[in-house]
Structures are given as C-alpha cells and as structure tokens.
C-alpha cells in the first residue's frame, strides 16, 4: 500500500486509481464508480446515462477509463455522448471511441486495454428491424466480455420459413439472445427448435393493450419452453447474462 | 294476431310462445328470453348459467325450448345442469339432451327441431390438452349454427412439427378458431401459414405474471398477423363469430 | 431457376426480385421483406413505419414495390412518408402514390399492378369523428385486398336514432368493422341488430381511468354479442381480417 | 340533559340511546354505531357485514334498532343473518324483520318505526338476471329512504327492442339506477334516451380480461352521456345517492 | 315539412337546420351534430375538441350554433379555439363568445339565444388550486343548463378547519360537485357532513403510484359515504349530471 | 467459545443456542432462525406462518423460544397455532402463551424472559370494526418491543365528530399507527390534525375496483400530509416501525 | 382581535397576515395558504408547484413569506421559479433565497426568520447518482424542520462493500431516509443492518415492466424488514416524516 | 420403417412407441406427447398436471414412460399423483417412482432408464422456508437433466451474514438459481457477489400490493445486476434453463 501511496504522491497514479485499487470503487464528482465489478462479478461496470446530467456521465466515463482502462456508457443521448467525447478527448486523447447512434452506446478503450477473448459464441437474433436497438446493446456488451457474436436478423414468426432457413446457424451458437417485440413469440419458437440456452429479450414495440413490450414480456414469461427472460429493452442485461454463460463455457473448455 | 290469441286461449300455444311471436322475447319467471335473437342477429340465444341459480337456469332453458325448439346452456355446473335436466324431463320429455361435463354445456332439441345446415367448415384447433374446455364450447355452437367442425388438437408451438403435419387439414377449412393458453403463440404461427380467417381464442391457463390467459390475450392482440380475438375462455363468442362467417360463405355459395 | 439467374445476370431482374422468387423473402439494407406473404397467408405485406428510421422505411417500400408491384406503408409520420416519396420518385417514377395524412398510410402501385377484385362488401362504421384514423387504415387495406368498402360514419350510441337510420345500409354488407372509442358500446349495439359478422375496432380516445381505448377494448371483449375484436387502433388488423373473410365469400360465390 | 340521565338511571333509556342522543354515536361491544348519520347526512346508517364476525354484526344491529328504531344490515351471509335474527328475537321481539337471500340484506323495524315517505320515484333497471343482487340492495335502501321504486328488469342491449319497449316507464321516473355487468353498455344507452339523471351500477359479472365488473365500470366512466357511477356491486351507494336526489325533489315539491 | 323545405329553398333555413329539425341531427363536413340531444336527454350537445382537427372543431361549432343557437366546445387547445373564433366571426358575427383559457372551454350564444333558468343551485367545491381546470368545466355546463353555481375553493382535508368554515355555504346547495386530486378524500369528508347529493370529481393531479387521479378515483369509488363519481377530470359529466338533478328539482318546485 | 462447547457437551446449552450465540442464527429442521435480529436491527424476529407447514412453524417457534427466550408467530391459522402449542407444551412447559384468534398471532415467553420497557407511547387507531385484524397485530409487536399501546377504535371519517372527540387522546401519543380500509382517508385526516409522526396501515377491506386495500394504499401514498405507509394488512411492519421510533424516543429521554 | 384590526387599518399588518392569525389560513389571489399548518401538524406548509401557473405559485409563495416568514416551493420548473424570484424581489427584497436546479425546490427566509433547531440527525442515503433529485428534496425539508442532515451517497446493492463501508455512519443517525430506484433493494438491506427507523423512498428510475419506480415501491412495501415507505419520488413526504420523528426525539431529549 | 411396423405387428413395440419413433410425438387418449423434445431441444418433456383431469395426466405419464423410458409430472395434486401411480403400477410395474408432496412433482424411471450425467453443478438457493416449493421443482429437473445440485437454503437478505457465510459454496457452482419471494432482493445481492450466471426465480409469497410474487418478479427484472428471470413459481423453467447451460459447460469440458 505504501508503494501505491508513493505513486499517488508522485503523480503516477491518480487518487481515483488508488482508491479503486484499495477500496474497490472510485469516488468522483458524480458518484462512486464500481471499479472492481468485473473482477468480482464477471460483468464490466457500465455507466447508465439515463437520469444523469451530461456532466455526470462524462465524469463517470472518465473515471471508468482511468481506473479500468475502458469506459462503457449505455442509453446515452446525443448531448451525453457529446459530453463524454469532449471529456475523453481532453483527459484521454489516446483512447479509441466507438459510438452507436441507433443503440445509443459508447465504448472507449485506453491505448493499452486488451479485451478478454472467450472461446464461445453468442447468437443475437431479432424478429424485425425495430428490434435492432436493444439487440445492438446486447451484442456490444457480449463482445466487450470477449465472446464472439453472430447476428441473425429479421426472422419474425409471421413467416416461419425465415426462421427455418437460419436454423443451422442458430444451432451452432453456444447461447442465443432472441429479441422480439409485439407478441414476442420468436424466442418460444426458437427455443423449441434448438438445444442451447435461449435468453428472451422483449422489445418495447407494439401499441394499444399490453403495448410497449408488455405482451412480449408476458409471453416470454409464460413460454412453455426453457426460456429465461430479462426486462423490456434490457439489452445490457441479456448480453451480460449471455457473457457470463460464455465465460463458464470458455472456462470449461480449458481455453 | 287474433289467430295467435285464439290459439293461446285454446291452450295450443303457451303465453310465452305467443309473447315471443309478438314481442320478440318471452318473459318467464327468471327473466326475458330473447326468442328472436337468431332471426335478428344470426346467433342462437343461449343461457349463460354463471351467476344464476339452478332454478333460474332451468326456467330459462324451458322457455327457450318451448319458444325456439332448442335450448342451449353454457358454463353450467353440475347443480345447474341437473336442474335443467329435471325440468326438461318434466315439461318436454320428448326432447333430446346432450351434456358435456368437460366444457360444461348442455343442448336440448325439441322432437321437431331441425338444425340449420351450412355448406362451410370451421376448424377448431388447440395447442394442448387444457384448451379443450373453451374449444369444446366453441365447437358445440358452431355445430348448432349448422357448420361442419374439424378438430385439430394438441399442436402447440413448442414442437412445430406437430403444426406442420396438420397444415393440409388446416388449409382446407373455411375459418379457423385457434385456442391457446400460456403465451398463446399458436394462432399467430397458424395465421402466418394459412390464408383463411383465424380467430384467436385465449385460454385461462398459465400462472404467475399475466397468467390466467392474460398473456395469451395480449399476445393475440399484438400479433403481427391478421388475427381477430375474443375474450379469455370465450369459446361461445369465438364459435358464434365463426358461425356467422360460415353463414356468409354458405349464402354466397348459393347452397 | 437457371432462367431466373440468367435474368439477374442480364439485369432484367433485380437480385431482390430473384431472392423473393426463390426464398419467399427479399433481403434489403433495412431487413427482410416478406414477398410471398400475400400468396401464403392472403394478406399483403405492409411496412409498419413505427420504430423504423425514414431511410429504413423507404428501403423496405422500394423492395416491396419491386418484388410485389405494390408498397403499403402504415403509421408513417411526415418524415417517413417524405423519405418514401423521394425514394420511389427516384427508383420507380412510374408508380402511382396515395397518402392519407389523417390515417398516416401510403400506398404505391407499380404501373402494371392490378388490384384483386372480390365480390364482397365490407362496411366500415365509426362512432364519432375521432375514430376516422384507424377506420381509414382499415378501409385502405380492405380496398387493397379487393373488397368494396362502404363507410357509415358518426353513428355513436348516445343518439341511437343515428344507428337505426343506417340499419338498412349496415345489413347489406357482408362483414362489418365497427370502430369506437370511449366506452366502445357501438359494436355491441350494432352486432345485436344485424346478422353479419362484426369485428370491433377499439379506438384510443377517452381519458382518465381506462382511457386511451382500454375501456373500449374491455367492453368489446366482454360484449354479450358475437363480436371478435382487434387491439386498440389496429385498423390494419381489422381490415385484413375482414379482407380474408371477403376472400372466402368471394371464393364461395364462384365469382 | 339531566332529564336524559334521570331516564337512564330509571332504566327507561339505555346507555346506548343516551350516548346516541348526546354524542351522536353509540359505543357498543362491537364498535361505535353512527346514530345520527341519517339526520346529519340524510343517509341511514347501515351495518356492512363483510369482514365482521356474526356476533359483531348482531351487536351492531341491536344497537341500531335500539337507537334509531331501525336496523339495516348489508352483505350478510347466512351465519351473520342468523346471528342477527337470534339477537333481535331476544332483545326486540316486537320488531319486524325482512331478509333477502339473493341480495343478502336484512332490515328490521321497531314496532313504532315509521319510514319516511318521499314524493319521488326511482327506477331500478337491470340488463340481465345476474344483476339482481346489487339491484336488490339498491332498491331496498331507496325504499328505506322513502322513495317509490319501479323495477324494470332484463332489458340488455343485445336486444334493443326490450329497452325501447320500456322507454315510457323509464321516462316517468325521477331518477334511474341502471345495473349492468359484462360490457355495461345499458346505462349509456338509457342515458341517451331519457332526460332524467342516471346512476350507473356496474355488476361483477363477466370473465377473462376486465371481468368481475371492471369492463362495466370502465365503460360507465368513459360514457359519452351524463352518467355518474358507483363502484362495482355498490348497490347501497347507488341507492343512497338516488335516495338523496329523491329527498331534494320531494323537498322542492313542497310535499 | 313542406313548409320547411320551402324555407330551405328560399334560403331562410340552412339545410343543416332543416335536417336537424327532421332527423334530429345535422350532417356537416366534420360529422353528424346531435341537434336534439338537449330536448331528448336534457343535456346540451357539446363538441369535444380532443382528437379532432381545428377545422373539424370549427365546423361542428358552426353547425351547433346554427341549429341550436348555442355552441359549446370543451378541451380545446389554443389552435382549436382560434379556428372556432375565426369561423364564428365569419358565419355568425352577432354571436357572443366566452373562452376559458384555464379550463379550455368555449361557449357561443346566438343573438336570440336564451339560456334556461332553473330554480336550483349547484355547489362546485375544490380541494386545491390545481382542481380549477375540471371544476371550471363543470361550472360552465351547470350554468349553461340553467342552474346557479356557487364556488367554494381550496378547502383540502389537510386542514379541516377550512372545510368546517364553509359548511353553512355547502349545506345551502341543492347538489354538490366536489373536485379533488391526490388522495381525493374531500368528497368523502363533505358527504359525511351534508345531506345533499354529492358527486365526486377526481382530478388528474398526483404522481408516482396511482397518480394522475387514479388514487382519487379509487378512493371515491370505495367511499363509505353516499357518493357517486365520474371519470378523472370529467368536469363536463359531473356538471351535466348535477344539471339534470337541478332540472328535476326545478320541475318539482313548480317553478 | 470453549466454555460454550463444553456447555453443549454437558447438555446445558442446546446446539441451536450455541449456534445462535456463535453465528447469529440457529439452523433447525425447518430453516435458519435469525436469533440476533433484535440485537442487530432492533426488531424481534418473528415466524411468518403463511406458506409454511404446521410442523415447520412449530419447529421455528421452538427454536425461537430456546434461543431468544421468546417466540412470536404471525398470520397463523388454527392448525399452525395448534402445532405450536403442542410443541411448546412438550419442549417448554414453563413458557406462557398468548393467542389472538382474530389477529392470528401467538406469543410465547420463556419463564425468565423480560420484555423491554420503553418510555414512549404508540397510539393504534382504527376506522372501523374490520380494521381490528392488522391493528391487533401491530399492537402486539409494539408491546413486545416495550412501548405502551393506546387503542382508539372506530373513528371513521364518515362521521368526523368521532375523530374530533378523540383528538386529545391522539395528540398525547408519541407515534400513531392509523389503520383504515375502503378509501383509507382516516390517516390523512388525522395527520392533518396532530403533530406526531403518523404511519398509515391500509386494510384489505373494500370490494370492486381497487378493493382489498388497494384504494386505501393508493390514497395513503398520495396523501398531502406527512404520512409514511406500509403494505396492505402489514400490521407487523407498522408496529415494528413504530417500535423503532419509540426506542429512539426512549433513548433520547435518557430513560 | 381589536388590536390586530387596528394594525391592519394602520397598514402595519397585511390583511393576509391578519386572516392567518385569526382563521389559520390566508386567502390570496391564487388560493388559501395554510398558515398554521406547522403549528398544528408540525409540518411547514409548502407550495407544490406542479399543476399551478407561475403566477399562482408566485402569489402563494409571497403569502407564505408574509404570513410565516418563510416560503418553501417544491417541484418548480424554471418558469415557476423565475416568477417566484421576481415576485419576492419585488415584495420582499430583504429575503434570502435558495434554489436547487436539480431537485427543483426554492426556499426563501424573511430577514427575521429563525429556523428551528432540533437535537436529532437524519441520514439521507442514495443508491445511485439518479436518486439525487428526490433525496435532495427530502434533505431540504429535514433541514427546514431543524434536524441535522447526513448525506451518504451512491451505495447501491450491486456492490455491497460500498454499503458495509458506510455502516458506522449509518448507525449513528437517529432516522434514515433511503432512496433507491430500479429494484429498490437498498432500504431492505440497510434496514437489516441498523437498529434505527428506516423510511424507504422509491425513485422513478427504471424502465420496461414496473419501471418508473413501481418495482422499487413494490419491493419496499413487500420488504421483510421494518420499513415504512412513501410514494415514488415523494422526497417531501419522506423528509417531513423524518422531521416529525426528529421532533419527537428532540422533545424527549429535553433539548 | 418396415422393421418397426413388423415389430408393431408382432406386439413388440406399441403403436405409441412407433409413432414417437416416426413422427416425433405419440398420440394417446389424452393428447399428443412430444417424445423427441429432449433430443430436439435438450429439455425433457414433462406433463404439466394443472388443468388436466387425473385420467389425462395418468395417460400422458404412461405414454411418456413407454416412449422415452421416463415420466416427469409437475404441479400434480394428490388425486392426479394417485392416478399416475395406479396407472404405472398397472402398465409398468418395474418402474421406480419418486414423489415430492411439497413440490408436487412425480418422476418415474423405467427399469432400463439411465439418467444423463453432466460435469457441471447447479446451486439452488432459497431466501426462506416458503421458497422450497418451486426450488424443489427446479432441483428435480436439474437432476433429471444430469447436473449436480447444491442446495443453499434460508439465506434471506434481512440478515446478510447468512448470505456472506455461504459465499464460498455459492462461488463454486457453475450456475445459480436463486429463489425468493416478497421483495425478491436475494438474487440481486447474490449476483453482485459472484461471477457465475444467476437465474432469478420469483416465488408467489407476499401479500397486499404486488403480492403473490409480483414484487419479486418486478425487482428481478429491474435488477441492476446481470440477472435473467423466469415467471413466478416457474421452478421447471429455471431448472431447465440451468440444465441447458450445464449441458453446454459439460460439452465444452469434453467430459
């Protein structure tokens, strides 16, 4: 510990990095960042932008980058994403940034950051074009956790032949995330046809009674197949759950 | 009218029959029976036993039989069915009775009653064994309205091959009623595979969140296919709607 | 198949048309378009604009037009409709376009497209001025499926005489779609007076408890008449269900 | 007051009667009875049996009878009604009792009790046989408040002619209570045809989605007519509201 | 009738007026206006602006004014109110207009219009400042139906003394409308203190669980007093119900 | 620790007592009993009988008595209470038992158990007779935590004078628990009249819409006074919260 | 009283102050201000800006300041806050104002106003950055009631070590307010670890099913610890409840 | 196939077995049994007893045993379990049966049946005694799918030390199923402490608002950890999902 404090004193280590090392979290202006989440629970800590000011999001992203070498921001709007970009340009000009306008996530890697690499593949399946938003968030975090991602898009149940055509691809994956809105029947249909774990991801499409994803969620919870589910639009949760399963598979494979 | 009243006076026509003839309904001890419903709206009047005492049900059934030549009772429990049987044995010993313990309906035909005969066929499809209750009610009323009934049972989506095996039979029908509980995905899957009108019939199976048919109903309302729906367990409504369509088809066929 | 591929090679057939021919769907930039939906399930494929970007909508509309000779877009806002118009002007200048600002649908016909023509008539009935939005969508798709449409507007139950005045017109139709918001009693009242199938279309009017169409939907599901129902504002679903019934009637008539 | 206390001391007045006189309520073993409710708010105090033990109900009924000359018990089951009868036989053998098994109310009048007599008439209308339970409770309390009651039964909207036949009777009343379950459209239809105040009374019939009176309540709240509403099965509330209106009418008539 | 048609031909009577006279409703560009509603059901027809375009609202208001001498528009926004004013300036420059920005209603009287005058008084009571919107709508329609209005504002239950101070005023009214949001306890408290009929008007204030008036509505429906209720923010319904009661009182008074 | 193990070996201390001493909980046949809950969180551990078999309840009660000198069982039915009595008679014949049939709780004190004694008083107030069940549970646990209990019963808001009469008593308490069902307005009215903390306890009375305590809960959450709330019928929670406040007051008083 | 009226006449006391003194409330242009709320119920009256116009808010704030020496406004938007500032600058230039943009409250103290000072400390705890809005409102009103506030931020349960690190601080408080959104587990975890009363404050974060604070509220109501709860985002209610407890503690301490 | 038909003819193979072999399902008196579900989707087919008659359940169990060598029945009541036992005693006397009265499942193995054996371990964790019912169902199906089961019971969050004590055991598992009722916080707390996939299993305990498992489900869906969820009490679904993950791990391990 003395060493660490010396490094802080010498300016080689920021106080946030030191706190993260010692306490497991870093206290910044905008809150405590859980710097050891990945190590403890296998899931990278991400900044949920919803409900935070642009400044808060930017501060938390900067803390994330400086303590873990990576910053993941989800559900950011243009203003929040802009604030993050500006801040990181300032404090971490060497970092590489990716931004998905459709799925509203932003990932930054420090120059020395090395992403984990798991020997497991996660299929991310969508029923229609509108499912792309949470599916994209799920795919991003699966990739950040180190698994391969295989996208199979636009295979809604109103036209079963589209599903059947993709069965070989679906059966090759280790885990499947299946995103669907409206009546959300696709995860049930898929889970009846493959023998890998399927995670249902209900999407907030649909209108009228039980719209905004409620019918899809209800249908997945009532599914007569072996389906687990996450909340409506919870792409991040579906992705991290798939990522944890991928880690176990990778672990077992001795890879 | 004079003639009718003479017949009443002579005891050849009961006052209920005369009232039905003149006013369109018959006032009995237990309420007004809508004796001209079939003629006016194409749908046979039926006695919904729920919420009535056995005596009331029996009286209404007797009025139905005497004014229209047929009595249809739905959602009857053992006590109500017993009261009807007893009453009809008494006042109409020549009538023939059918009783479905599982679907809880009771039908009586007077000796001279002749059921309509339509040149149209209605498929009644179930996802699983538990869907038999409302599906049976639907099939009964379709038959009473004169259409043919084709049952296709136990073709739930968890095993698509069962649906596909029955596709030729399904495609031969003029209308389909598809009953399903839990997530209720079967009507959507079927409607995507056939080109006849499909009426979804949600069934009150399922437990936990959105159980008791709510998920099935929500899913059918949100379906991305051309599905119309009835209330949970509303086998009678699904059946009469299919029967009305069958009547139109029969009419058009010049049969 | 060889012929088809030769045609593609020769530029006479687009790859999308060829894929549609071979696989039943066409994969464009914005998703798979279900090009054989009409042939398989009797219902024209339409592009639901909700939840898609203007560019995606325009791409899907262009694919629809090139593979089936017709494009139907529903629930489009001004920006989406504009993008479609621009794209079609570009790739299919000979197509004729119709756009309903109130009901937010857009239909394009290629120069050689011939609409089906069914010997059946669908009545589209509204309780009040505000029901025009989903009723208009229903009428459009009924027409696109080839049936005649008879509009009967503004016959809400608060003033029964307006309904009664229109009874002769209502009784002449083969199927009725009855749109109503608030308490949604009109479909029940109409279904008690006519002997043709009635499809209830709840409309998202109403405020406070069970507003936004929920009371109307509940009332139609609980109706003591032979009513089937679709989701709140689901004009497209009501219309396609009526269209499928019209097809069966047309078929039976030997027309 | 001295007089009153002397009378208590002399055993001519019970302590409960004295307390009622002085404080406005009487404290018995089973709770405080609001002895001046009628005088203060125009509504007779009644004992709601639901959730109370038979002994508690009987004690409260006895207190009611001794302090106001009348006891009204609602929603009593057989055991509670039996306990009341037994207790009153004991403490007030001269009282006259009425009991409605169907509507589960019990009324007792002391030998000297004189019911108010208002110059106003309340119509109590039902859509079907099952509505009799809360309608009966409403009619009872209207009568206890002194108005005339006109019952018009079994005029559901599925057969409008039954309503129209009763219009003259309906239009003669000063106030209408209209009870209906399922989709609950009758109060709306009636309110569109008469020019007297209509109170909607939703009934807990119906099944599946929005069953148990919820659809009826929602429909009455969303009604596009001038309808006020009470809770599902709240016959007592509908009746007292009608009774208060009758009192105002009687008052104005100078009767 | 001949006379009427002659007058139309002569331009003395508009076709809409003639239709209103003959059929009871007038068909304009924007729908059928129920011109005999007041005569039939005692309630003036009003144009609910919600869900209509400004042009439709203006057309209906003009038809109302020309057929009944009065136009009542509710829930109008600035654009709709502007369109009405412009249209009426144009077609009926002699009419007098009133507009409530807060309660969003607009009333126009033709130069010869004479408002009914009833010998009855309606108290309109609010719990807090925010209840003014629906309370104002209720007061307007009560006045248009001819009764006197007494406003008692800002007497919420958190400070009972304010209610008690106003009791004499409240007790003098013939009917009370009591508007309250949040927990909506005021109508219950008032109804326990007065002996006139009370109509509860829940207001869409409140936030979080059961906000937007749902808690207030629930509380009024569950009230242990003789309260009838209308939907959340349904000032118009509360007012017309009170107006109908006032008409009955006026009628009985022989005024 | 050696000492403790010697005592176990010698049979002077049961293994459960030893485990409770060492780990803070005792593992019995029916689950782990949290023996240090009171010490850690100030709240006595109680056995919630709902959802457990009689045998499990009895085992947990016996463990409670042997490790903490007291057993508290809530929501026990007759069978569960009987099983507890039998078991305690067997293993702890010297304990004193109390049982409330109405409120369904059972308390046993070992012969040497001494209840805490706090210098604070908690008022437990009910709106009506039916509120006695959860109010009784609340009063029991307050007493077990050592505070004085003052019951004020039957002061519902339909008759405000009953509340006002009890104001002096209410204002003398240090904390108030106010139980009310139906519309649940009493806690709001009381909280507006006293300056001590009030905890609202909604009771599962009421029927129809928002019945079973939902309206009461909603009203308390929306209350415009400084009210905190617990779940419907959660007498135990209300009581322990009041008990914790009483402990703080007692602590501050230096008693 | 004469003295007071003389002072009014002399212009030394405003009519509002005089009314507040005499009647307990002050009637201004925008409603009655409850000037004796604090004295009667221990809770300062505050102006809830939601649903009021800027002018109304400003008038009520001015009345508050002139009658009680302090104005507290909650849930104000920029326009409402601006109107208050302008008005107070005008009528009370000597007052000191504080404004929280994040928590949207505004407090003004007259030059002679002296805040109460209680010998009690309230901990205000948040699970994450987004909980700051209602937590800030709670902290403000606790301070205005005179207690000390200790903020413990950002200790969500996903990383328990953050909670455990703060346990000593939490255990030192007299009362805790624990704010949490999403699943709202923090108050339960904290209440299991401390022996002081905990008030759960659910926050409207979260999305999809049971989002907007509903899951958090449900979880707190179902908590198996001694937790009381307030409505979603009801920081003011949580704060005043904590303040009332602090008053009792201060009172007992003889401070 | 010829061979198979010869065997049927020779009575060596039952028609059900032959159909299962050929079509993938076996049609019995009580419905189609999905005999190839395990092979196709990795999940053993089980008979859900809910909603079926005892005879139907027994027939389906007999078909299961004869076609797959094993019968699994879930949610059976005493009568259904008795019917199964009787039937199997009759047709398959050599089978071994297990029956869980608490969790209501029944498993039968034919004499030659060999259960799969996976190199993976699933932890089944409960918060309290009442969670045993669905947890037991989950554990059964995990075992039938071949994984090891480690039970960790009674570690509710009200006493965190119980969770912490079991952390080493929890961290050793490959997958965790965590069952919890009431507020359902345990899965969130566990998922924050371990780095293996956690499946939340909400249990139908709890009462009042959001009782019967709804609060637990909501909380798990809103969890800020990487949790997937199944429906309330869906032990079978949680178990099969865990079993599928165990299969993937076993597969990867090359075991």
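Chains here go by letter, A, B, C, D, E, F, G and H, matching the order in which they are written, and residues are numbered from 1 within each.
We adopt the following convention: a contact is a pair of C-beta atoms (placed from the backbone, for glycine too) under 8 Å apart; a residue touches a chain by one contact, two chains touch by 3 or more.
All figures in this text were calculated on a predicted structure; none of them were measured in a lab.
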{"item": "Subunit E to subunit H, fewest steps along touching chains", "value": "2"}
{"item": "Taking each chain's C-alpha mean as its centre, the one farthest from subunit B", "value": "G"}
{"item": "Taking each chain's C-alpha mean as its centre, the one farthest from subunit H", "value": "E"}
{"item": "Rounded Å distance between subunit A and subunit G, as computed from the means of their C-alpha atoms", "value": "38"}
{"item": "Between subunit C and subunit B, distance of the C-alpha-averaged centres to the nearest whole Å", "value": "29"}
{"item": "Where subunit A and subunit F are represented by their mean Cα positions, the distance between them in whole Å", "value": "44"}
{"item": "Touching two or more other chains - residues of subunit H", "value": "40-41, 128, 158-159, 191-193, 208-209, 211, 214, 217, 221-223, 225, 231, 234"}
{"item": "Touch relationships between chains, expressed as pairs", "value": "A-B, A-C, A-G, A-H, B-C, B-D, B-H, C-D, C-E, D-E, D-F, E-F, E-G, F-G, F-H, G-H"}
{"item": "Residues on subunit G engaged by subunit H in the complex (per definition of touch)", "value": "128, 156-160, 182-185, 188-189, 191-193, 206, 208-211, 214-216, 218-225"}
{"item": "Subunit H - residues contacting subunit A, complex", "value": "40-43, 119-120, 174-175, 191-197, 199, 217, 221-223, 225-231, 234, 237-238, 240-241, 243-245, 247-254"}
{"item": "Of all residues in subunit A, those that touch subunit C in their complex", "value": "102, 128-130, 153-155, 158-159, 161-162, 165, 181, 205, 207-209, 211"}
{"item": "Residues of subunit D that touch subunit F when the two form their complex", "value": "23-25, 27, 30-32, 34, 36-37, 40-41, 50-53, 56, 60, 202, 204, 213-214, 217, 231-234"}
